[in-house]
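Each of the next two complexes has chain A plus one other chain: chain B in the first, chain C in the second.
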Partner chain A sequence: MKVHINGEALILQSNDISKKSKANLTDVLAQYLTSRQQKMSFAVALNSDFVSKSQYSSTLLNDGDSIDVLFPIVGG
Partner chain B sequence: MLTSNEQLRYSRQTMLKHIGENGQLKLRNASVLIVGMGGLGNPVAMYLNAAGVGRIMIADGDNIEITNLQRQVLFGESDLTQNKADCAAEKLNKNNSDTQIEVIDEMLDEELGQFYIPQVDVVVDCSDNIETRYLVNSLCVDHKKPFVVGAATGFDGQQLVVDPRKDNAACYQCFFPISEKAPANNCQTVGILGPVLAIIAGLQALQTIKLLTGIDVKYNQLNVYDGFYNQWQQFNISKQVDCPICQNN
Partner chain C sequence: MSLSIYGEQLNSRLLIGSALYPSPDIMKKAIIASGAQVVTLSLKRQNPQQQSGQKIWQYIQDIVKQNHGFLLPNTAGCKTAKEVVTLAQMSRELFQTSWLKLEVIGDDYNLQPDPVELLKAAEILINDGFKVLPYCTDDLVLCQRLYDLGCEVIMPWASPIGTGKGLMNPYNLATIRARLPKATLILDAGIGKPSDACLAMEMGYDGILLNSAVALADDPILMAKAFADALLSGEQAYRAGIMQQRQTAQPSTPTLDTPFWQQN
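Then we have the complex of A and B:
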């Protein structure tokens, strides 16, 4: 399955989703973010709509979905 | 009523049907707190001052350094080592004698925030660190004050309005929860181009003027600017029932 994450194509590896019919947001974030980044504050949007952290594992992805991972910008 | 001088001075904005003389009076009677007088705070203060916002409080404990001058456009070479809020107030007063500028020459902390935030109509976050933003977010939610967030580094910017007067409004912490590891990048570590700050600050000033004059402002929308590819993205955000800041409000 192919999704877009921060504008880049990401092929979801089959072992992430082999036991399930569809990948969820937790699968994608585990593949995309480093362990350090996973401990940082970030927000995730699926097709431009924010998804709360408690819903990552229940949010199933479809081929072609667009995911944005946003980190807070600090500077002014 | 506006004086004849005010009618002339602000005529290019009062001729807008959504502003009018009534909107100008609202601006004249309004008060705003700007937190941080750096690259965002400079243009936000300049635009709000020029637009005739009656009372502008500016908080910053930093002194002007030579590395600030590339983007903090109110300041010049002769201003080095001065406190930013003091120096900005002096310049803003010269630009518009109608407005009242109040200087807070310290970094905003909880005590100062508790004192000043209840006095104003809108708070504009132009700070350069996440701790201050979380603090101001929390105080604004407590006091039900609209809060205009802006931030920029490199070619990138983020902007949103938190409006705790609305029952369904998300706060900053609803979607950027406090984390174990603080964000690593800021203007000192990754750099910043002045015009990126101007774009975000311009949007902050615009949203503030709209809030003060009663024009509908979209809240629950994070605006993300990519100045490298010249793209804007909008994300729909929502209030979180388990947000530690929002759940008691």
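Then we have the complex of A and C:
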């Protein structure tokens, strides 16, 4: 399965989803983010809609989905 | 006199941005020197190789804790109400605040807010429980509409973001103040020097939001203090009541018993 995360194409590794019919957001975040980043504060949108943390595991992905993972930065 | 934002009482009338400083340490010192209790910040993509974001976030949290302050996430970069709503919801979860500096840019050249999308976004966000602080142009009717929607705080620009041009149209800004006496008005964007901020406060504005004017100064920490003093002066002058201008000169020294008068 291929998704886009922060504008980059990402092929989901089969061992992440072998026991399930579809990957979920937790799977893709585990593959994309470094272990350090996974401990950081971030928020997620799927196909331009917000997804709360409590819904990551239950949000199933489809081929071609677009995911945004945003982190705090400075701003004016 | 304190500033009230959605029921929160603040000791400082200055709201300050966290961007563009020479270093995180100077940012922290400058914000603390400013006395500002509200610090703006944002959300952006970060690839796995970047490490700097978390350090900045830690700095901002430390500042807000030290100043007993509040985070004010913005929606910088958004161009539609749809984008704004998604980013706002992400910010609310991450920053644990319903306060939002609402920005919807309508023109890339001067970063002018899009009034149509702004109103649309403000209505959706208010209905979703957000405390919206909209950044807008100095258009009276737009400000009225935002206030009518439920924005207790309105933030018209002084001039385009980052220009430092000061108050481009004092007449518009004074009119907004006169026509919306109950709104909390914060001048946002385009402030260049402390006298700009002082002028707005003398006009009766409730506060100032700025970033570049402090961050891009040769000495941001000293400039932050200068702005704090300017806001205080302007606010005190407004409360003291500024004298009316007069068309002709009026002697301030009593003319009675002027010496040497008979020699002229």
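The rule is short, and it goes like this: the second predicted complex is superposed on the first by the 74 of 76 C-alpha atoms of A that agree within 3 Å, B and C clash if a C-alpha of one lies under 4 Å from a C-alpha of the other, contacts with A are read in each partner's own complex, and residues count from 1 in each chain.
Heads up, the rule we're going with is that contacts are C-beta pairs under 8 Å (C-beta built on N, C-alpha and C of every residue); 3 or more make two chains touch, one makes a residue touch a chain.
The shown structure was predicted, so the numbers you read here are calculated from the model rather than taken from an experiment.
Q: Overlaying on chain A: chain B and chain C, fit or clash?
A: Chain B/chain C on chain A - steric clash.
Q: Between chain B (first) and chain C (second), which does A:Lys53 come into contact with in this model arrangement: first, second, both, or neither?
A: both
Q: Look at A:Lys22 in the shared chain and tell me whether it touches chain B only, chain C only, both, or neither; answer first, second, both or neither.
A: neither
Q: Which of the two partners, first being chain B and second being chain C, lies in contact with A:Val69: first, second, both, or neither?
A: The second partner, chain C, only.
Q: When the two structures are overlaid on chain A, which partner does A:Lys2 contact: first (chain B), second (chain C), both, or neither?
A: Neither partner.
Q: Tell me which partner touches more residues of chain A in the superposed arrangement, chain B or chain C.
A: Touching more residues of chain A than the other partner does is C.
Q: Counting contacts the way the document defines them, which residues of chain A are shared by the two interfaces, the one with chain B and the one with chain C?
A: 36, 40-43, 45, 48-50, 52-53, 68, 70-76
Q: Of all residues in chain A, which touch chain C in the complex?
A: Interface residues on chain A, with respect to chain C: 6-8, 32-34, 36-37, 40-45, 48-50, 52-53, 68-76.
Q: Touching residues of chain C toward chain A in the complex: what are they?
A: Spelled out, the residues of chain C in touch with chain A are 17-21, 27, 40-48, 51, 53-54, 56-57, 60, 73-74, 76, 82-83, 86-87, 89-91, 93-95, 161-162, 211-212.
Q: Using the touch definition from the top, list the residues of chain B that touch chain A in their complex.
A: Against chain A, chain B makes touches at 36, 38-41, 125-130, 133, 150-153, 156-158, 175-187, 190, 192, 197, 222, 224, 233-238, 240, 242.
Q: Provide the residue numbers of chain A that touch chain B in the complex, in ascending order.
A: Residue positions touching the partner: 36, 39-43, 45, 48-50, 52-54, 68, 70-76.
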